[in-house]
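When the chains are written out, they are named A, B, C and D in that same order, and each has its own residue count from 1.
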Amino acid sequence: MPVTTATGRPAPSRGADPAAFCTVRARTEALAAPLGAEDQVVQSMPDCSPTKWHRAHTTWFFEEFVLNRHVAGYRPVDDSYRYLFNSYYEAVGERQPRPRRGLITRPTVDEVAAYRRAIDRSVLDLLGRPGDTAAPLEPEVAALVELGLHHEEQHQELLLMDAKHLLFQNPQHPAYRSDAPDGDADASPTRRGDTAPAGVQGWIPHEGGPVDIGVAAGDPTFSFDNEGPRHTVHLQPFAIADRLVTNGEWQDFIDDGGYRRPELWLSDGWATVNEQGWRAPSYWFGLDDPDGPQVFTLAGPQAVRAADPVVHVSLYEADAFARWAGARLPTEAEWEVVARDRWGADTDGLATAPHPRPGADGSDPQFRGAVWQWTASAYLPFPGFRPAAGAVGEYNGKFMVNQHVLRGGSCATPPGHARPTYRNFFPPAARWPFTGLRLATDA
Amino acid sequence: MPVTTATGRPAPSRGADPAAFCTVRARTEALAAPLGAEDQVVQSMPDCSPTKWHRAHTTWFFEEFVLNRHVAGYRPVDDSYRYLFNSYYEAVGERQPRPRRGLITRPTVDEVAAYRRAIDRSVLDLLGRPGDTAAPLEPEVAALVELGLHHEEQHQELLLMDAKHLLFQNPQHPAYRSDAPDGDADASPTRRGDTAPAGVQGWIPHEGGPVDIGVAAGDPTFSFDNEGPRHTVHLQPFAIADRLVTNGEWQDFIDDGGYRRPELWLSDGWATVNEQGWRAPSYWFGLDDPDGPQVFTLAGPQAVRAADPVVHVSLYEADAFARWAGARLPTEAEWEVVARDRWGADTDGLATAPHPRPGADGSDPQFRGAVWQWTASAYLPFPGFRPAAGAVGEYNGKFMVNQHVLRGGSCATPPGHARPTYRNFFPPAARWPFTGLRLATDA
Amino acid sequence: MPVTTATGRPAPSRGADPAAFCTVRARTEALAAPLGAEDQVVQSMPDCSPTKWHRAHTTWFFEEFVLNRHVAGYRPVDDSYRYLFNSYYEAVGERQPRPRRGLITRPTVDEVAAYRRAIDRSVLDLLGRPGDTAAPLEPEVAALVELGLHHEEQHQELLLMDAKHLLFQNPQHPAYRSDAPDGDADASPTRRGDTAPAGVQGWIPHEGGPVDIGVAAGDPTFSFDNEGPRHTVHLQPFAIADRLVTNGEWQDFIDDGGYRRPELWLSDGWATVNEQGWRAPSYWFGLDDPDGPQVFTLAGPQAVRAADPVVHVSLYEADAFARWAGARLPTEAEWEVVARDRWGADTDGLATAPHPRPGADGSDPQFRGAVWQWTASAYLPFPGFRPAAGAVGEYNGKFMVNQHVLRGGSCATPPGHARPTYRNFFPPAARWPFTGLRLATDA
Amino acid sequence: MPVTTATGRPAPSRGADPAAFCTVRARTEALAAPLGAEDQVVQSMPDCSPTKWHRAHTTWFFEEFVLNRHVAGYRPVDDSYRYLFNSYYEAVGERQPRPRRGLITRPTVDEVAAYRRAIDRSVLDLLGRPGDTAAPLEPEVAALVELGLHHEEQHQELLLMDAKHLLFQNPQHPAYRSDAPDGDADASPTRRGDTAPAGVQGWIPHEGGPVDIGVAAGDPTFSFDNEGPRHTVHLQPFAIADRLVTNGEWQDFIDDGGYRRPELWLSDGWATVNEQGWRAPSYWFGLDDPDGPQVFTLAGPQAVRAADPVVHVSLYEADAFARWAGARLPTEAEWEVVARDRWGADTDGLATAPHPRPGADGSDPQFRGAVWQWTASAYLPFPGFRPAAGAVGEYNGKFMVNQHVLRGGSCATPPGHARPTYRNFFPPAARWPFTGLRLATDA
């Protein structure tokens, strides 16, 4: 999830709230806690970053954009961190090349923890501790703090994605945590053994016509700048599936030769399948075992459960599956107009279960949890898009090429982080994010 | 220009016309004529193909899809050609890998010419010679012949693109032909020395709202399947430039540090600029010469003329230029709704001049000639797109990822080949096609 | 065969002889004659060069080192040829990068032929035509001409190696010439069908002790500088095989799992076997055919004949075979002391037959023909080695690392070109030269 | 230093000595102690291994070859370690690919320490604790233990080489230890600031003729199998430098354009210089600083001291330097016959000083310390070489291609580890070992 940022809006709800700051910051540390120093320093591929780097980079974000720029006389904790922990902000200056982040063994994990504590103290000096009655924070600074919190939440998901990828490289397949959110049926004893079929998939119809999508100017709720402006899109009549595609359905695709039939694939996808030797979603292994394949989760290896949503498939695979199924992927506009009526209230993680129950309000937690859902839409600017001003917004749109939009949220997305308008994006061959799909069809 | 194909419509105008067949086939041979056997066999990069291969592949297309499938008892000229000259049709079978097309020195150029003549005879046996009063061709076969002619016209442009690329690898920079269409001001004595400035660029406004684009089902004119279905798009008010961006403007961009300022570029574009060491459009050389840069054309090296449209720029460069100019690229829908009113009648190549005069009918030849124009639109299926049935349509949509749409036509496009609905497409880093740009802006 | 050069000795036998010059030059043209323009321009891999390039480069050698430097007022045929046809002479200046030699389609094959004729005329003006009674050539110039002839003979073998490699890339496997030297049993009707076994291999013993090898200073016969100085080497008692390893023996190695047993291989060799997927010598194909494998020769595909010497194996394979056979490769000193007594008189190509008969003088033509023989010796300077002075000798020793010495000569080596002291060399993974092996063992 | 191993000889001095075992094992732990968990897990390039891996692999060596094979009923500490910590023993089975050793974050550093302790206990059960009066160890087992100790000493040097390489990747250039052996002038206060010139280099002459080198069969002192058999080599008269090449001399080479003059280089070396952008020895930085370059040492960055031996140069650079100096590299035979008379008694590390004083016995510590010295000799088997029997000797000779021999020892070599006959070896482009040179010349 390459991180897009934007200055927020006049009245940020969390940016001036020290309790919110502490909550988000503590959650990162809690996510890192099951990982030892060895686990936190290694980079398993150029797209991934070490845990230690995520912890330091999210901290640097506050130091660079809030403290350095808005606290008179602020002195950086360590001058080298600006180089080491800048991700891709050209305006901030030179930086450690991304594929070489895993070569930086110092500062150590303990030193990074100390860096986090030091920055936390400085930011809290600015915000006031919970309960303080300090002078109100300037709106611009509060907006930057709020942005930093959303930025850190994005990295919380990246941290899990990257840790999962790293641990899977080990032939021993060690678990991140036995009660990890991924492979989450295990986390809840009441749901263990839940192998009930996912049920027949139905269709949610939509009559098409002009619809408005995206975030309107002036909306007081936080959003990233790539979610706006709100604009009209003309849809043809269509229907969208009422649930995600499952492992069982994916196994049918495999059994029907899905990975060996070029007519199902985009040309670039077919080339990738053959170069990479793909035969199943990422993290599946033991494909030829008589007992059936296993899947590596953050909670360790598990049997593949037919009723669970399939996860860790690329856009190429999602597109081929849809073609095999006689359907297609939804566009992001189609997805959004349906999802916003079924998003429901965020009820603390319920959405992350693989088989969440619809809410009493008609909401469908699979829209906001379980897996990110590939859409047919390339990641491009909405009409009238303008990047936010200043350093944090310098590159808001610079990733808008060669990627596809994903909507929804995953089991690894922090609760409350996503929205119906949220635009996640990855290159079409990416499989290490928590990516799945929902079908659509012309009416 | 990876070639898309589609079975045509019930009443193809050219598919049953032996004179049209002869005209198109002869034009390919005329384009190859300035090239020696050595020039015709070498492949200068994996994206390019040898001239000999283009001549053979377009011939194989008729042999495979028309003769093999619709002439009882047809015996192929050479069984090996099916392997050697298939481009990417998985259903037809295995084929020579694209990056290795240049290793096939036999059949020789003369043998390929003989192959062309043999297939011409067989197809003309089917069509009847000009003036013959034969039984009418079956519509399905006529549609395949017509498709084959449009397919061959696409390869005529590819042949020129690829030959230009090859000749430029030679440090001697030999010309393809002194009166080649590229660098064409030289071809017309009356226009030689035409260094008049291109004139101040103006804007063509459009009020936005719902518009229909694409080819409607049942339209009797030939089109490729990716041009339809016709569908409604909702546009915001916008304006589009009344002419193409020129070399002079591009030189200003260079002089203003355009290739050295990361803030102007998409992230992937900036990485490409640095990896490739781009400092100017492709085919420009002598950048540090006191007399100014030169450009390699099919007619050989020439001084860069400020008033000519810039050509051989990638999407990344076009996008960065537009940002530098305070504008953006048009979407393909914006482009089409304006271009269709200004396309004009095809008057035999006039459009290919760099400074064509507007027609008496208000048409603007720069919409249909000079250079292909990058759009902001990713190459994706139109809503409701269905690939054509059968082998020729097997892969119509399989290139719809990782590419951007270009509209218009170039100096190398065969006269009459393109249309306002024509969707050309290339990856965003491609520079060897005849690619330029026209700016757009929000109203 | 990267070409080493050296200024010759005081009284070159061929350097002042116009008839010798004409003979060598004409032989190159005869070798190129079966190849069309298409065949002569393509480069099939970076180690190979196009036929056209070999023809031009050998010509440039005379132009650069003889005419430019020793003919007052000489004007080059084309100024660009110095860049295009320099191989690796840093002192001469910049040059076309080796892996891009195949991108140079002009000058054409005909223009290269004209270049050859022009240089021939200029050199013959210097040498005098056969029969002329001209002033004697200066010894230094004669030495350079003689060097140029040996240099051209080396390229004659390279031309055949490279043409064979190119033609094998074509799935049609076209022959270079039906009576080509490679696969030569077919060339001689009396030997056709000669499938007699090669006979039991015997051993030629040697008592060891101090021996002198290499070319002594002052030896009037031409040699390359890397063949000297003559020096003493102390050998342990050993024995060397009385014939080359055959295809039949190699098939036994394959059948015994030779390519699948790591304990037989050098570590770098085992890595190469697995990376390249080697299962047999180069040019063997149809390994799983029920009728047995075929081998591609310059005369086209043939059945693998058990009694023929194996050819186109790398040092890695030769070394593994020797280990499998309980033997080892000979050092170059061991090879030379045995071979010089059995070299025999050169009798016009007889040595190139796969089963040459021993001469009446006790000579064994397999020492000087059939295949180049890998030795256990790395290609290093002999003690006291000094590169020749001047431009032609500038880089005589610069290839003396990362290569192994081969001794003997092959079916593609020009008659009379090699000597018992001749040191050919290639990297240990090279398989496109005509390389085989002869075993040795400790006494 | 790819590790060669060999079963030792009948009466190993250290293999049955528990005190020796404890000493060597403890030294490894002491060398790892300054490195944190983060430092110990990362792999900075495919040629390097993590510290943690070295600690585990040397332990596995004892477990696999001593305990598994010679202790009845032995049960491995962890079944996965055989896969994770096998280096290249094909006969032992599949193993973690070398370039991916750095992806294994578990077992942790602490778990590896526990593994070491467990194996130590088991081996000591076999050897008896120091002071024990146990039954004597079988000679075969004692030989394996002795081999394991020499093997571990080799890895002690590798550990330092690899740690140095890793730390240098960090732009902060953190020191391994302020008193590290590398950069060792700092380790001895009396020598700090020792910037006296190295003195004029003299020559040690040798009359040449037949000499015997290598280890004789039956020599009771431990040696690796590649050091024998002892055999006669015939030398030409020569002279060898009486000291190592210094940084000051290397700076002269740089200043004289050494890295920019192709005529000084082997062809492969020149290609490497240009591909890698070499301008100075590895670990030098700040080349354009007005205060002169710095060098990274295990003790951190230091000014380059003119009188110190140059270190971290490749064979290519050593060879080019020698040519520039009008000299050459010695062969390994030349080196050995001179060095064995000047080796002297091992006096605990004195040799590792950059400017050691000659011993009272005429010994010259620079022969056995400071830097490994490139020779002109390719790494090939000595005549009559036979690999040792059994698993540990399975691959003794398998690295004998594409490498050059180095002689001597370095500041990072464990005291007493090397010998005058010791053959170290690396590929010609390697610069991360502690490699320097000593000149030689023909008499």
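Basically, a contact is a pair of C-beta atoms (placed from the backbone, for glycine too) under 8 Å apart; a residue touches a chain by one contact, two chains touch by 3 or more.
Here the structure is a predicted model, which is why all the values come from computation and not from measurement.
Counting hops only between chains that touch, subunit A reaches subunit C in a minimum of 2. Following the contact convention of this document, no chain is adjacent to both subunit C and subunit D. One finds 47 Å separating the Cα centroids of subunit A and subunit D.
Subunit B and subunit D have centres, each the mean of its CA atoms, that are 61 Å apart. Centres computed as Cα averages put subunit A at a distance of 39 Å from subunit B.
Within the complex, the subunit D residues that touch subunit A are 36-42, 44, 52, 80, 83-84, 96, 100, 102-106, 108-109, 166-167, 169-172, 174. Across the interface of their complex, subunit A is touched by residues 88, 90-91, 210, 231-236, 262-263, 265-270, 315-316, 319, 376-378, 380-381, 383-384, 394-395, 397-402, 428, 442 of subunit B.
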